[in-house]
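Look at the two complexes coming up: chain A is in both, with chain B in one and chain C in the other.
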Partner chain A sequence: MAAGSTYTPIATHTISSATNSYTFTSVPSTYTDLSVVIEGSLSGNDAVYMRFNNDSTSNYGRTYMYGTGSGYSSGYISSETGIPFSVHTDRGNTIIDIFSYANAVTRKTVLLTNNYLSNAVVSTVALWKTSNSPISSISFSSGNNFISGTTFSLFGIKEA
Partner chain B sequence: MANTFTLIASASVGAGGAATIDFTSIPNTYNNLVVNVFARSVRGQTQDGMNMKLNTSASSFSGISLSTIGGIVQSNSFTNGCGSIPAANATGGVFSSTSIYLPNYTSSTSKTYSVQSVRENISNTVFEIDVIAGVWSSSSVINAISFYNDNANFAQLTTAYLYGIKNS
Partner chain C sequence: MPILGTIASQVPANLPTNSFYSIATATVGSGGESNITFSSIPQTYKHLQLRILSAGNYNTSVRLRVNADSDFNYHYHGLQAGNGYGNSVYSYAANTQNSMMVFDQQLGNSSYFNSTIVDILDYTAGNKSKTFRTFSGVQNNTDGFIYRSSGLWTGGAINQMVFYFGGGDFFQYSKFALYGIKE
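== the complex of A and B ==
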């Protein structure tokens, strides 16, 4: 028996004119996990903040480690207003896994890998720590603009 | 609803080993590619380095890594490496696991990729984890991916799977 579809594309968007934000809205609750893949660059080196359900209060925390090619470090941030990752003017990618996003009983965990040669390779574990709400929207915003051609892709993964 | 994460091709090394693992004539009908490699080398040491070529080229690669080897953390700059794999003197039957994600492989811009690789060696606790950010500075559509080692052939039972992902 052939397996059902999985890693199903939910939405994709390619930036056609400079903008400093993008949001996946109306994320369906019918999957188990989500995966977001972002490939492209910003007009200036900057942080991009990921937020869930328009929550921009200090409800996020993360542990991270990174290597620059000549040095490395790690850290922990207990409280911040989103989940940040760096995007630079050279092309790179960010791969984000969000687990059990649709339930209403647990906090939402995130694994994030961020890859920009001019910055670092970064691995992050993050938590949307004060809400049990199902995730229905995922937003990305920065102080600089995403360059035309930057892509945002959202995939849904079913456990069965 | 579109199927995605579709198996495009697989490769398996038979008795006698193989110098390379090759995927050719990759269709340009997907948006992203994922290659999962399960590998071991015949080199007479505990490990070997695995490398990637795109479109038969080992040129125009840049990469940075964050690694732990036996508990020692380091970060390095290099070209087309994809982490280390166990070799003949490592614990028998142990192969590395490497996953390479190539988003937007058909774009006309430089190709970025992400590598996650683990190598275990049960007998002496020398293990390795690599997280790699890489760029292939070519505007060409990726139509071939191959792997080769620094020092010796891939061992029998080395396997690799190439998947295509559509984002719509």
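== the complex of A and C ==
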């Protein structure tokens, strides 16, 4: 069996002054999957929306389940303008896996885990549902600012 | 107006770049496949990860047998939501099974695939049972399904894994990619 080192860091960015968005641009098409890790907080509890290729139309859907320690629930959203996840004022993290992002054959599926002590542990599956286009940019935006020190890290994973 | 960030120009020196290795990938061709086999798995890593994109001609569980073991040595617990569960989260447990349910393959077709990550910890250890951790989900235009589970196989070092689901085929473009993680 072939063995090649992968899970390659593509880019990382640390917020140095408050801003409410960040974008990975010109994402190389040479990997199989992408993984994004976001660690940090917002100036106010809010949703962060992830979008692909500057698409902010109602082309996303998701199913989620979560637990807060005192309860649990799940839901399905058929159509929305991005893939949201909660970020709070305490530090936490979000791990996002994007499968086969560079192919032009299938819709793009995302698995997302979002962990904030003040909120919940949330598991989400999401879909960029009307496009088979390869993903070349990934943007994150919120109604509140990311706190200085928040990091966005993008990794590429290449299959054998 | 949002202020756009820019891609960093350098790879940070403190990020590890040599601990996650691609071992093998099985991609399903136009004729479909009834099972996916990884054999002669090298014993030189600490953990394994599978990254799976799959769809098939039935909505049913994808199962695993390790080292051709068909005895009742598999146990698993799971949480799932979506497709028919409303706002509920359904939990289940299955002990002493003759195969492991790795994930529940639902709703997929030629455009919408189930995405799954399976982590197998300490897979070469001969003195402990093997732990499997799964995160899986699928979303299409009308519904979705999400699944988390942990599983246990009470055998020795893992050198073979066979994935299958009863009576069905994995569709073309389904893909099982195996990775090794060194400590």
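Here is the rule we go by: the second predicted complex is superposed on the first by the 157 of 160 C-alpha atoms of A that agree within 3 Å, B and C clash if a C-alpha of one lies under 4 Å from a C-alpha of the other, contacts with A are read in each partner's own complex, and residues count from 1 in each chain.
Rule of thumb we're sticking to: contacts are C-beta pairs under 8 Å (C-beta built on N, C-alpha and C of every residue); 3 or more make two chains touch, one makes a residue touch a chain.
Just so it is clear, the structure is predicted and the values come from calculations on it, not from any experiment.
Visitor: Fit or clash for chain B plus chain C once both are placed on chain A?
Guide: Once both complexes are aligned on chain A, chain B and chain C clash.
Visitor: Based on the superposed arrangement, let me know which partner A:91 touches: chain B (first), chain C (second), both, or neither?
Guide: A:91: touches chain B, not chain C.
Visitor: Which partner does A:33 contact after superposing on A: first (chain B), second (chain C), both, neither?
Guide: Only chain C is touched by A:33; chain B is not.
Visitor: Looking at the overlay, what does A:115 touch: chain B (first), chain C (second), both, or neither?
Guide: In the superposition, A:115 contacts chain B only.
Visitor: Taking the superposition on A as described, I'd like to know which of chain B and chain C A:71 touches: first, second, both or neither.
Guide: first
Visitor: May I ask you to name which of chain B and chain C touches more residues of chain A?
Guide: Here the partner covering more residues of chain A is C.
Visitor: Just to be sure I read the superposition right, which of the two partners does A:12 touch: chain B = first, chain C = second, or both, or neither?
Guide: A:12 sits against chain B and chain C alike.
Visitor: After lining up the shared chain so the two structures overlap, which partner does A:99 touch, if you call chain B first and chain C second: first, second, both or neither?
Guide: second
Visitor: I'd like to know which partner A:82 touches here: chain B for first, chain C for second, both or neither.
Guide: Touch partners of A:82: none, neither chain B nor chain C.
Visitor: Do chain B and chain C land on any of the same chain A residues, and which?
Guide: 5-9, 12, 65, 67, 72, 113, 123, 153
Visitor: In the complex, go through chain A and note every residue touching chain B.
Guide: 5-9, 12, 37, 39, 65-72, 90-93, 95, 113-117, 120-123, 149, 151, 153, 155
Visitor: Quick one: which bits of chain C touch chain A in the complex? Just the residue numbers, please.
Guide: 2-8, 11-12, 15, 17-25, 40-42, 51, 53, 79-83, 85-89, 111-115, 117, 135-146, 148, 173, 175, 177-180
Visitor: Give the list of chain A residues in touch with chain C in this complex.
Guide: Result: residues 1-13, 19-26, 32-33, 61-65, 67, 72-76, 78, 97, 99-100, 105-107, 109-111, 113, 123-127, 129, 132, 139, 141, 152-153, 157-160 of chain A touch chain C.
Visitor: In the complex of these two chains, what residues of chain B are touching chain A?
Guide: 1-5, 31-32, 62-67, 73-77, 101, 103-104, 107, 109-110, 112-114, 116, 131-135, 165-168
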